[in-house]
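You will see two complexes here that share chain A, one where it goes with chain B and one where it goes with chain C.
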Partner chain A sequence: MKHAVISCLHANLAAVKAVLKDIDQKGISDITCLGDLVGYGPQPNEVVDLIRERAIASCQGCWDEDIIEGLNACECSYPSQLAEKRGHLAHEWTAEQLTDINKDFLASLPTSIRRDRILFVHGSPNSQHEYLLPDMNAFAALERVDKAGADTLFCGHTHQPYVRELKNGSIRVRLQNTSNNNAEEKEINLPMRKIVNAGSVGEPRHGSTNATYVIHDDVTGEVEIKEVAYDIELTCQAIIDAGLPRIFAWRLSHGFEFAEQAEDASHVCER
Partner chain B sequence: MIERWALVSGLKGDLETYEMIQSDLKKTRGVKTLFILGDMIGPERNCDALLNRLQNPRRGDLQPQCIYGWWEEQLLAEQGLRGEQKADALRLNQGEEAVTALLNAVNSTHLKWLASLQFGFIELDCGLIHGSSADIGDNLTSETSPLILIDRLTRLDVNRLFTAHSTEQFHLELTGGGLNSHVKDLNGESQYQQKVSKQSIIGIGAGEYYTIYDVGSDKTHFLSVGGQYNTKGKGFA
Partner chain C sequence: MGQKWLISGSPGCGKTTWILNTIKENQGAYGYLRLTEKSNNGQEKLPESLIDYTFLKDQAPHLQDLSDCPDTSISKYKDLLILIELSQSQSPEELEAVGKNPYVNSQLEALNLQLDRHLHFGRDSELPNNDTLVFKELASWSLNLAKSVWDPQSLNTFWFELVNGAYGDVYRAKGLMNLPDGKSIFFNWIMSQKGSQFLPLKTVSPPHGRPKRPSGLVIQGKGLDCKNIQSTINLCLLNDALLEMHQMTLRDRQSEALRTN
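What follows is the complex of A and B.
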């Protein structure tokens, strides 16, 4: 059966509606969301309402967590002080707008959802704030999936969709300890694992302005990355009307956030 | 020039063992640096004499360079000097008596010094840490999955990681292998193989079991107190 995975909606109602319509038209009813329902965008309540109405199973994202827990994220989340300031502004605005019911809903979201050997998380199994980029050290990437007891890991948070297969791996080691005088050598064969990043519905950063999501066929294991055009102007106008930083609108209409590319995205927040 | 490091951990207040290690090291050529990778304290005995000695070395002592370990973290947490949690891990594992015993084992005059200690050292391309950068209580042993070991080396960006928490003495070298990565995104597909780089994890032991590392030859020697360091010996490469 096919199921759709969406992530990083970021309070962009027009994009969420367009993606859900695209999924509906394909006759797919099984949808999982990887979090970041809010943040940056102008319609946090509308987007949370829609996800609740449609009863879409969802993980908690880094923004969802910060909105409830208060902003104690370490500065590593932001590449510059300016970006941090804008982030804080969006955070305060979103926290002010969200109804208590919607805040409670975000607070109730799990950090991961498991279906047999498939695991859904926002950032990584370690943290909602860790970025699993497509070029991350392959062994470290495999460790994340394997340690979580999964064959396939679905994640978001980077806003760049990709499918990464890790296969035909082996590690040779030589071990010396106090009980063996001669070193013992062995070779370990590594399991095959897959990481699927669902990209971003409401804040794409893959180079184009289209919303992205993925469709997974759990029989064939195949993953398709989907791009959906939506009414960007509508969201940009709402951002400006809400008094949110104009750069958020500029980013959506340019499709690439080069001003705020994380300088060290592999950095793990240790808070 | 020969340069050797001595690596010690898990003294848990045992001044006598520390003095014996110091006297061993005097007889060992080329040991320039003594690293103490945490667990200087523990609940079993009063630790004040050892802590005094570490902070005020005697003439002839090799100056110790200390980082904090699992037991220090528990104490500092309980005293509100580290993180938001109390000594929850200790309380969970060994109960309230152990927490009380730990508090009683260390005079509060030492707290400031303990709180000032670092989490780890990076020397040359070596990381020295009590557990790992993932967790101070990370129990890395010779049986730990090499995937996890590579992850811990990658996080610290070092070629050698000296760890102490497991108390085991071992030298595990990654000697070869690789992993294929096939990535598909909206721009197309790409494939590459990541090779295992030659890296090592060294468990240094605890208490009377300690390790000498020969920087030039990259050899580790596992010793115990009173044991003879044999420079002609094989050592573990």
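What follows is the complex of A and C.
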């Protein structure tokens, strides 16, 4: 059966509506959201309301967590002073706007959703703040998936959609037996694992301004990355009307993230 | 030598670069002076003059700055080749008409300067014919950044946004930016040329507090969103505590390097 996976909505209502319409038109009713419903964008309540109304199963993203638990859930996540100050501004604005009901909803979200051997997370199984980049060391990537007991891991957070197959992995271990001075060598072959990044609905960072999501067929294992055009001008105007920094509108309309991505994006949050 | 040359042209046409190359390629003593096409109403020296002179002086330490000379005393420098820079942001048909600009003439007269040559970009073949854009009206915004130090990564983002049109149609941007490690970088960008020029000054300040060298930013273009340029810059500049944090790390590293050498 086909199901859709969306991530990183970032309070961009026009983008969320366009993606959900695209999914509906394909006759897909099973949708999973990987979090970051809010943050930077101008319609946090509207987006959370929509996800609640449609009862879309969602994980908690790093922004959803920060809004509930307070700023600096991960102090190392901003690559520059400018990004940090803009992020704080967006955080304060979003926290002020969100209704208590919607805050409670975000607080209630799980950090992961499991369906048999498929795991859905925002960043990585370790943390909502960890980026699983497409060129991450293969062994480290395999470790993240295998340790979580998953064959396929769906994640977001990087805003760059990709499908990465980790296959032909093996670990060779040489054990020195001190009692008989013999060396024993073992080779452990690892089965194929897959990481699927759903990209971003509300804050694309893949070289285009289109929203992205993925469709997964859990019978064939096939994954399709989908791009959906939406009315960016509508969201940009909403950013300006809301009194958020105009630069957010400019960055969104040019396909740049609201704040820069961390230089060391593969860092593991020590929190 | 005792010559006085006026080098004029539109912003970004390559006046400062040509002056620097002339100084570097030739022996002799040089003086530098910058005229303005409009009255500055007695305000402090414009950031553009500070940027250009600081950059030139760094690259050619023997250059003499004549912009602070009292009126009429410039004529004393009889052995200097005095290069006088004039940036013109009038419409193209007025670009050559230096002689018709009463304010430029009044500056020359006040300094008792009789020009030996006037070289104009786009007219005189001995000057490079750089590809500059034709414009009819140009807004200009400048900021004196003396003692200001940038967070380096924030500066990258700001400059990227600036030259890609986030704050209006920028035709030209030029700056001299201080970094916490004591370096100062000359930033130069013009719409008609590919990419920005980033040239570190040869002179580096010690990583102790705020640098004393001039620093500033000049932006020319249309529909400039000056309010948001200023507010973004404010978010990029380091406060005393953060500057000290950056510099302390650097000083520790320098001490460690000295110990191990």
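Everything below uses one rule, namely that the second predicted complex is superposed on the first by the 263 of 271 C-alpha atoms of A that agree within 3 Å, B and C clash if a C-alpha of one lies under 4 Å from a C-alpha of the other, contacts with A are read in each partner's own complex, and residues count from 1 in each chain.
We adopt the following convention: a contact is a pair of C-beta atoms (placed from the backbone, for glycine too) under 8 Å apart; a residue touches a chain by one contact, two chains touch by 3 or more.
All of these numbers come straight from a predicted model, not from anything done at the bench.
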item	value
Touching partner for A:Pro161 - first (chain B), second (chain C), both, neither	first
A:Glu143 touches, of chain B and chain C: first, second, both or neither?	first
Which of chain B and chain C A:Arg86 touches, first, second, both or neither	second
Per-residue contact with chain A, leading partner among chain C and chain B	B
Partner chain(s) touched by A:His254 [first = chain B, second = chain C, both, neither]	second
First, second, both or neither for A:Arg246, with chain B first and chain C second	second
Which of chain B and chain C A:Ala15 touches, first, second, both or neither	neither
Overlap of the chain B and chain C footprints on chain A, listed as residue numbers	none
Touching residues (chain side chain A, partner chain C) in the complex	79-83, 85-86, 245-247, 250-251, 254, 260, 263
Of all residues in chain A, those that touch chain B in their complex	134-135, 137-143, 146-147, 160-178, 181, 183, 185, 187-188, 190, 206-208, 212, 223, 225, 227, 268
Complex contact set, residues of chain B against chain A	142, 145-148, 150-151, 154-155, 168-187, 194, 196, 203, 209, 220, 222, 234, 236-237
Chain A contact footprint on chain C (complex, rising order)	151, 153-154, 156-158, 161, 164-166, 225, 228, 232, 235-236, 238, 242
